[in-house]
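In what follows, chain A forms one complex with chain B and a second complex with chain C.
Coming up: the complex of A and B.
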């Protein structure tokens, strides 16, 4: 059954996964090139500008991880949502088992994109000699990307598993609170609400701490 | 009692207004104010009435700490921690340079003028309610002494532009200097990183760049122009000087290029120069910094040499080694974070299995 579900999800997500894998491979190469590390003449290198460029480009990795999670979770549930979950309800397996199969199939599809990130980092970092004093973080970026994609996928998968009303309620409440806080702050009423929500989400014990970690491919 | 309180309040308001900007007139007013504050302090210290907003003092290493809450546990705790810090860095004997200097600590909602201000020999610290902890105040006292030492350290310290950071957490300070040495857009920093002690001296503002400098420094200057400013070589006003500097190796042309390009040759920050004093303390023994600060008349390099007990080149070599050894740790993904993310993924999947859709 797992193989069948994998096939269905692959059909639903293949285009997105292929596109994202291509992007994942290209981002490290472009990062190195744009920062100027691929320029052969080292006499023109300005490390502080180059490292800053690498750091800026690194923000693309968590964005890609979130898009990947979203794509896979939509792909995981699209067939069931279209068929009103009738097929799923007729299967002779408990619901939790079915959900795990769906989740596992999506998790497998993260692998090609993670591999593309790793390969892209390896090729990009192998294209020049790293100056003394600097470190490359190809492995750390790949691992961080895998974790970020996994947690993003899990979160969007859980949201998509719910009814439209549940999803709308969760997203709506979060958006409303943030918008309200921003409006209040625009009128000079200082609230720590938006900051509190961001902290709750992006710092420990929030789930998305990994998204805001250091994403620089090259550092000190 | 009421009169004393009113005088304190009035003086505080006048002090704040006077301390913010310091034109000569205001400076004179400030001096008068400081004297009156001293008089008031002396008078209130002797009063025994309960409820008087007393201004008491604590004596630490030749330094007077005055406060309107001298018996506050926060202040006493901070003073005790600070006394240990001071002895650790400058030895047990009162440092002549600190004798007569004062730190005035005022509790309560601090007026802006009491933020952190140095006037003459008095450093003012305002302690706001929300910051009322001994740890915070210890840091402020230490920072105040750093300021007093830099202020009273003599003309050579002032000319050196070296900040004093004796009481900072040294690890982050040294790591920040490592980063600075690696990325500073300055020929001297580049040269120092590559091993030139002369460049280290220049990067720490110990010797000035002169047109008739050494061959090594001229080569370094040329490399800097070529490495960092090549993108401006095509500007018509700069092209001849660039060519003469980079292709012809003419140091004067390099300096002319920098001047026309409006590029100042920066040295390392005052934070980095402060780390040299830490190196002096490390190599010169327990009284090294006391020796450094005691001899206010000498130039900076002889003072460093006398305090460290070694030639400045050896000191710079030690400093460079220390800085290069303090490379920040790699930013790996912590194992804890991996388990944490997997834990969250598990929780979220568990939530998905409990979806209301199937109930």
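Coming up: the complex of A and C.
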């Protein structure tokens, strides 16, 4: 069963996964190149500028993780939405089992992109000698990318599983609260609602904490 | 008698205009049960309720001994379902659809699937989204048959198919039933089609089950009688008087549509001083039309 679901999910997401895996491989290479680590002449190195460039380029990793999660969750449910879920509901498995199969198959498809990140990091970091005092975080970045992609996938999977109305309701309520808070603040009424929501989501122990903060491939 | 499908006081409402039931449906195990009714009579809704795809407001459903919807997964292991519209994933090829379906059904018959693929002349590499309506109908039937079900639930399986494809699909169905003895619950508004294959018939109209009888009883029991000099009050006839209409011309002849007719009932007309001129057999379609007509119009009006 799982293999069959994996096959159809791969078919639905293969193009997106291949494209994202390519980007995942390229990002570490671009990072070290943009920062100047792979340049031959090291006499003019300004480590602060270079590390800043690494950090800036690192923001591409969480963006890629979110896009990957979105791609896989859309791939997981689009066929069922098209078929109005009738096929899935007539299979001889409980609904929770089917959802787990779909979720597991999507989770598995994160692996090629994570592997591409790891490979890209290894190639990028192997292309030059790290200056004394600096450390590379290829393994940590790869692991963190895997977690970020999984979290992003889980959230978008849950949203995409619902009907259009449910998805619109969840997104609409969140947007309305934030817009209302911003409007109130524009009129001088301090609510801290928007800030509170953002903190609850993106700071520890929020579910998306893994996405924010520095994603430095090279640091001190 | 054991039943493959049994509903008790099943009720459902869709919006303000459509109400179904209370419905007490009994599909005998091993029967080929034709589920007749005009478009919009509630056939598809009933099927979806029976399979747990819709939630009833009241009442209960048991399919092959399983309570629906609570035991729907166990039920679907033994039920092949062909819906009115294709529910398959359009981006899969025919072969991929077979592999997916086979992976979920333990009784999947690979050999039967391969044979039906050839019989139906389906190309394994064709994407489902590119199949014609007829090919889609054949693929749905193939999937339902190759899972070797104890019960086949077919919702207008031949609707919109050309005669050749319709014949292929019905032949495959008949072959399977003759081999396996499975129960078939088949809905259609194509009355002639069901007349050939069904041994039980249920008739839906406006959300109500207006008849549920063995096919032979349905076909033989409904007659059109030409009666002369009938009194205004019919008294207490030994048959069910479905309709009574003035005949052509001014001869005082009436046309009676009756159910439960037997030849020995001729004496009744002598008793009321009327003359029975003719007894006309109705085929299933005529019987169906008369049944619906009389179900909708109060008797005697």
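The working rule: the second predicted complex is superposed on the first by the 217 of 220 C-alpha atoms of A that agree within 3 Å, B and C clash if a C-alpha of one lies under 4 Å from a C-alpha of the other, contacts with A are read in each partner's own complex, and residues count from 1 in each chain.
Methods note: a residue touches a chain if its C-beta (ideal position, glycine included) is under 8 Å from a C-beta of that chain, and two chains touch if they have at least 3 such contacts.
Given the structure is predicted, the values throughout are model-derived calculations rather than measurements.
On the shared subunit chain A, the superposed partners chain B and chain C are arranged side by side without overlap.
Residue contacts after overlaying the shared chain place A:1 against chain C, while chain B stays out of touching range. By the touch criterion stated above, A:79 is placed in contact with chain C alone, chain B being left untouched. Comparing chain B with chain C, more residues of chain A are touched by B. Superposing both complexes on chain A places the Cα centres of chain B and chain C at an angle of 150° as seen from the Cα centre of chain A, in steps of 10. Once the two complexes are overlaid on the shared chain, A:89 sits against chain B and chain C alike. By the touch criterion stated above, A:11 is placed in contact with chain C alone, chain B being left untouched. In the superposed model, A:162 makes contact with chain B only, not with chain C. After superposing both complexes on chain A, the closest C-alpha pair between chain B and chain C lies 8 Å apart. Note: residues 89 of chain A belong to the chain B contact set and to the chain C contact set alike, using the contact criterion stated above.
Residues of chain B that touch chain A in their complex: 178-179, 182-185, 193, 223, 226-228, 230-231, 327-328, 330-333, 337-338, 340-342, 344-345, 348-349, 351-353, 355-358. Contacts from chain A toward chain C in the complex involve residues 1, 3-5, 7-8, 11-12, 79-80, 82-84, 86-87, 89-94, 97.
By the touch criterion given at the top, residues 51-53, 72-77, 81, 83, 86-92, 96, 99-100, 103-105 of chain C touch chain A in their complex.
Residues 43-48, 51, 85, 89, 95-96, 99-100, 103, 133-135, 137, 140, 143-144, 147-148, 150-151, 153-155, 157-158, 161-163, 166, 204-205, 207, 209-210, 213-214, 216, 219-220 of chain A are the ones touching chain B in the complex.
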